[in-house]
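Before anything else, here's the structure in question.
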Amino acid sequence: MSYAYFPGCSQQGMAAEFDRSARSVCDRLGIALSEIPDWVCCGATPAHATSHLLSIALPALTLAKVKDADAVATVCAACYSRLRIASHELREDAELRARVKEAAGVECAGEVPVRHLLDILCNDLGVAAIRERVKRPLAGLKVACYYGCLLMRPPKVVAFDDPENPRVMDEVLAAAGAECVEWPYKTECCGASLSLARPDVVCKLANDILREARDAGAHVIAVACPLCHTNLDLRQADVARQYGVRYEMPVLFFTQLLGLALGVPEKGLGLNRLIVSPKPVLEKLAAA
Amino acid sequence: MMSDTFEPKIVAFVCNWCTYTGADLAGTSRMQYPANVRIIKLPCTGRISPLFIMKALEQGADGVLVSGCHPGDCHYTAGNYHARRKYTIFREMLHFLGVEPERLFFSWVSAAEGRKWADLVAEVTDTVRRLGPRRSAWGEPVEGIAAPRLSANPVPFEAPAGTFAAQAEAMREKAKALLAGGEVGTVIGYEQGTLPGTARPAFVSTPEEVDRLVWNEHCHQNLAVYAARKPAKPGKVALVVKPCDERSLVGLLQENRLAREDVVLIGMACHGVQSEGALAPRCAACQTRTPALADPVIGEATPPTATADPRLEQIARIEQMAPAERWNFWQGHFSRCLKCYACRAACSLCTCERCLAEKAQPRWIPAPPDGAGNLSWHAVRAWHLAGRCVDCGACSAACPADIPLYLLNLKLAQVVKDAFDYEAGRDPAAAPPLTTYREDDAQEFIR
Amino acid sequence: MKLGSVAREKTRSGFLAEVRRRSGTNPADCYQCGKCTAGCPLTFAGDLDPARVMRLVQLGQRDAVLQSRTIWLCASCETCTTRCPQEVDLASVMDALRIMAREAGLTQAAREVAIANAGLLGSVKSRGRVHEMMLVLQQNLRTLHLFRDAEKGPVLMLKGKMDPLGHKRGARDQVRRLFENVARMEAAERAASTTPRCACSDEGGEA
Amino acid sequence: MARVGVFICHCGENIARTVDCARVAEYAATLPGVAHAVDYRYMCSDPGQRLIETAIREHGLTGVVVASCSPHMHEVTFRRTVARAGLNPFLCEMANIREQCSWVHEDREAATAKACELVRLMVEKVKWNTALEPIHVPVTRKALVIGGGIAGIQAALDIANGGREVILVEKGPSIGGHMAQLSETFPTLDCSQCIMTPRMVEVKNHPNITLYTYAEVEKVDGYIGNFAVTIRKKARCVDEALCTGCGECQSKCPQGKLKTSVIPNEFDLGLSRRPAIYVPFPQAVPNVPVIDKEHCRYFQDGKCGVCQKVCPAKAVDFTQTDQVVTEQVGAIVVATGYDVMSSGEYGEYGGGRYPDVIDGLQFERLLSASGPTGGEVKRPSDGKVPETVVFIACAGSRDRSHGVPYCSKICCMYTAKHAMLYKHKVHHGQAYVFYMDIRAGGKNYDEFVRRAIEEEGAVYLRGRVSRLYQKDGQLIVKGADTLSGQPVEIAADLVVLATAIQARPGSDALAQMLKVPYDGYGFLSEAHPKLRPVETNSAGVYLAGACQAPKDIPETVAQASAAASKVLGLFSMEQMEREPTVSVVNERTCIGCFDCERVCPFGAIEHREIRDRRGNLLKVVSHVNEGVCAGCGACATTCRSGSIELRGYTDEQVFAQIAAVGV
């Protein structure tokens, strides 16, 4: 399988460690990613809240650049959702295809499937293959896998797992030796698209998620979306201010955790870039 | 009715349970409507054969109305669903033949819809009155309108070098083996025709005779026509088939004309066949080049090309004609018909022992080979192949009068595909489209 | 909103039809079970709960809906769409309402969201990709929250998360043309749909 | 040569006002083949009818056309009239010159001209009419009832009490159905088993009822009055004749030890365990155990055999095999009932992962005195008495996205009952009910729901629940109350889902066997939704209870009695008479493509083999079973070779009418 890789804007800035760790992990696992040349932003929520045509035409511009790949691979849940929805609508709707052609100046029939890295890990590679390559199992580490909203919703178009109780990330990290806790907020929304405009609102949602993860006994939260990550990691200070609770809960990209288990050097994972440092937890684990 | 205005005669076929009762209700409610409609009552729309519509037109009706129970309300559960499918196709066929579609009306009128019935009759009468009398009798051309002609653009045919000879050799070997094996008594294939550049069906029953068999671009006949006939020699029949001929077999299997194990199929991977020096038009856009049912498949097929089917262009041109032109186009062709029934004899799916054309009591099709008789015959022939014709072209090839029968067949195949998403001769397990229905079949034409 | 009055029928059905056309889902399918309200993570923050938004759409209360804060606070998490027993795509309805509100100039209820959306798209338009740091600065300037999240700046810089020069650009010319084309096409489509034709005519039967 | 008589009725002024009846009669007399034409003031009056009778005799008429009102009004009358004069009734036709002529036209000229034509159409038709004789079908006066729930029991008892024999077939080891599982019934709160058990015993003891439990209908051949039914009696491995029902075997079965048994008790819907040899519940009829071979040690590894050793009556017989019996019956009542959708269907309600999320039927068992908790409400996970219970209505119903789009009809009522009974058992407990609408149409039904709210303190919240999850031994329920426009969160100890009522799995296969249409959900279809609610389009097959649609007990019982009365009506004659207007196949020209069979909605087309004198098969052709054909004519239209005719509406008759329009 060959994958055309779409990193997404955040993975060049705030969440560069997501991109870095994803590449390292894929490298270790023998998944060949080739970055789509000159890709453009997926438009995220602002695009579809502003113009339906724009929200399809932007991803179409990128998708049209994909040549000779079996699938488009994404890491960010939001990019995944936008690209996948665009490709789905382009496939279904000939009239939309024509309008997109007029707007974007490119033809795109949405033929190359858009996939999320978790889907690829679980369904193309398989957890058994991951388990074989684990060098430093994450034994004793309790992880709350947080999928967020866009990875599985709307299920008719994007889901590659049970939308109410997804298991893919749990299975991948279990293969890495971690203990994934059962907790109820796997797919609750963190409000990330409002992060810029309404930090107050977002803080409440982040607090709920952090609380539930802590109550379920998790040492860390694993995420698959840079927006979720910013919200849960960076906003812990605001949560402490607004709700008086200090969680000190490290929030890691699932690729970082998987990378640790596969023996990727820390530099290749960007652990130092996290606001709430995972060091204490990881050290305690290593000592145990 | 003694006034000077044209008073049309309109025949209404209605079901007993809904529309007839609805018309009674219009009466008990004393709703007034024009006196031009003559109701013929039948138990159910399922009993209202589309051929009744044709019969009414043949007998001079100016307009025809068919009405029954709303979907879901049929007294017999599903009669109206089956009828709806039949009307969908038949209406398109009459339209294609040049009958003005404005003269045909289809509706659902329930027993409670007296008002709808009264309004419907008023509207139908008014519409037909405005159209005026039919411009010609059934099977007669409209005066003063030319009969347009169509030209075809032949697609050149290039036979791939060497492939035919190798295939022919393998086919003969297989035929010999089958005959030697004893189970097969007759192999039906092709042999060199009387004229150069032709081939004709050959029946061989000994391994020695097999050397007569040929395989080349002239083997256009559909040998499936012999599949359902009782062989003269004991033992099974083995047929040399192209992938398109196989579709006939699928039809025959669906209609219980034979069982798959009754016949051995020697499948020939196809490169297209020739007709009048060019690629046969039906081969131009053919996508099925490799037999699917056959026991052995001999050779490798030439991959399908992206050529458009030239006949679709012809159909489009007919559809662009005005109704009277279309009518005259067909009358022009049908006027040459000799009623020789070669089209029927060549058709692999015309398997009735007694054709409706020969039914004397009552007479469905006027016997003489004149305008009315010819038109009715060709309409019935096409109608009976709707949803069944596999586009083998045998009828047109057999016609001594060069009537382009394939156009009518192909048009109806298109209608069936568009309306019911069904292609004849593809799936032996599929229910033929006129023997089944979906509750949500389209019904825009029914008011 | 005038309580106790359903919008005049033509206005009501016209609005309903427009929302239906733009969202690709039929608001009339909503039977007010409230499952969206129950599951919406942002019900607490909005002025109308999602089921109420749907109800007002059904009643043709155009102004009340387009001026509500809720449509801007929707995070597009699709929980409602996923669980709706009537298969109403509420998230698309919210998108359609935001677009309609923006066109009507009714974004006062949640100015900061509209600004954030415009900011991100502006960044995409000029660079082909988002520049996060610029986005934060712009947002604070435009909403006059000059020092919001200011304390995070140094931390982020330290962690290498905010790099003023870091972001690459992608296919700028193509993207700029795309934005222009979309604007032109949508203006033309709007003009075509507001000519004398009754707004409800594309749906038929409602008027 | 035809000799047709035409009789024009004035209907007082009703026809004569706009139609010149005398002129119509004059015109009719000129038509070829008309031997006599006359008009009269009231043709349906005694003197009018006598006029027809006399004319038939005097003129030797071979056909009669009465031009008057609609045939729906008086066709029967005039057919009887001609029959009295010795003419076959099917040689009489009516021209409708009142409802479809005089009443809808004002112009006397136009109306008279049309009346003339309508008469002409019918004269031409009647010339082609032939004498038809009613079809007589013998009736086997014995009924089969499929399903031993309350519907089947009621139907069987009613038929048996009407003096006819009944075979009652039940799939499970005991009759009783879902009603035997219920605690108390709405709206009267009478104990379900108390009213059910006497009926079950009556079935067992009734001389006219043959009861086959642990048996299934395998095949149905034939048609109304003459069905041949094949029934498989599965091997119980316990001899019904010898067993005394002492219960020794169950109590000694090593698989049934209270602590160790792993076999879920179906009757308690998995809330308790049972032995491998068992009677499903104490009041079971018959009170004879059955061996569950999948879990029996003897059948699994050949060891054990304890039950056989302890049985004092020597009734346990491991060698017993299935028995197949064939029964002849004249009518069939289908009463196969319903199932509830599993509470695990909803991912957002835990997808079956939470033991304390149960369905309504399971809650019935928790409430029942004979249930796994002895009637104390204790939750499955830890046996704790729940202090907060959330009931969720419409869990799967009215949900086209995740469940079924229809309303399950009974949930509103049983949920109110559940809330009430819970309160009766746990006085300090609180019940919350999430609902969308309350559908409580029925005698004393709404009062019942109001009582639950007003007197029993159940809190009704109008809204659906979005999701629920487990936390700290409780279930966090996130719902909404749309009346106040806000989300609601409740920490509950137990959640009861009123899951959708569904057709029994396999009901579609049974329907196909019986040739009864069914809907997209597997519910069997009645012949007419209003006027023929217990009949089906398959003559002789009747419906009772929830196999047709979700129903409560009173409705089910009413329909069962209605089905029984239909059966008894059919059985009141030794022979059944059917209209002779059915299809007939010309076997000479039929080629056996069986397209007719595909379009026949009644399964009336049979295959008939045509053989020569030596017995060689020549061909297989269609044959119409006159007992089954309803006379719609779809087959005749579909037959390409014109080999099928519908009597009374033959091609000749239609052609004659079409030709008569064109004149």
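Order as written gives the chain letters A, B, C and D; numbering starts at 1 within each chain.
What we mean here is this: a residue touches a chain if its C-beta (ideal position, glycine included) is under 8 Å from a C-beta of that chain, and two chains touch if they have at least 3 such contacts.
What you see is a predicted model; the values in this text were computed from it and never measured.
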Chain whose Cα centroid lies nearest the overall Cα centroid: D
A-D against C-D, pair bridged by the larger set of C-beta contacts: C-D
Distance from the mean Cα position of chain D to that of chain C, given in whole angstrom: 51
Approximate Å spacing (C-alpha centroids) for the pair chain A, chain C: 24
Whole-Å gap between the CA centroids of chain A and chain B: 57
Shared-contact residues (touching 2 or more other chains) in chain A: 163
Shared-contact residues (touching 2 or more other chains) in chain D: 348, 467
Set of chain C residues in contact with two or more other chains: 44, 79
Contacting residues of chain D [partner chain C, same complex]: 348, 394, 398-403, 436, 462-467, 478-482, 485-488
Contacting residues of chain C [partner chain A, same complex]: 22, 41-42, 44-45, 73, 75-79, 81-82, 89, 91, 94-95, 98-99, 102, 110, 112-113, 115-121, 124, 128-133, 135-136, 139, 143, 148-149, 152, 155-156, 159-163, 166-168, 170-171, 174-175, 177-179, 181-182, 185-186
Chain B residues within the chain D interface of the complex: 1-2, 9, 11, 20-21, 23-24, 26-28, 30-33, 35, 38-44, 46-49, 52, 55-56, 59-61, 75-79, 82-83, 86, 118, 255-257, 351-356, 359, 361-364, 384, 431-432, 434-436
Of all residues in chain D, those that touch chain A in their complex: 346-348, 351, 353, 467, 469-472, 476
Contact footprint of chain D on chain A as seen in their complex: 162-165, 184, 212, 215
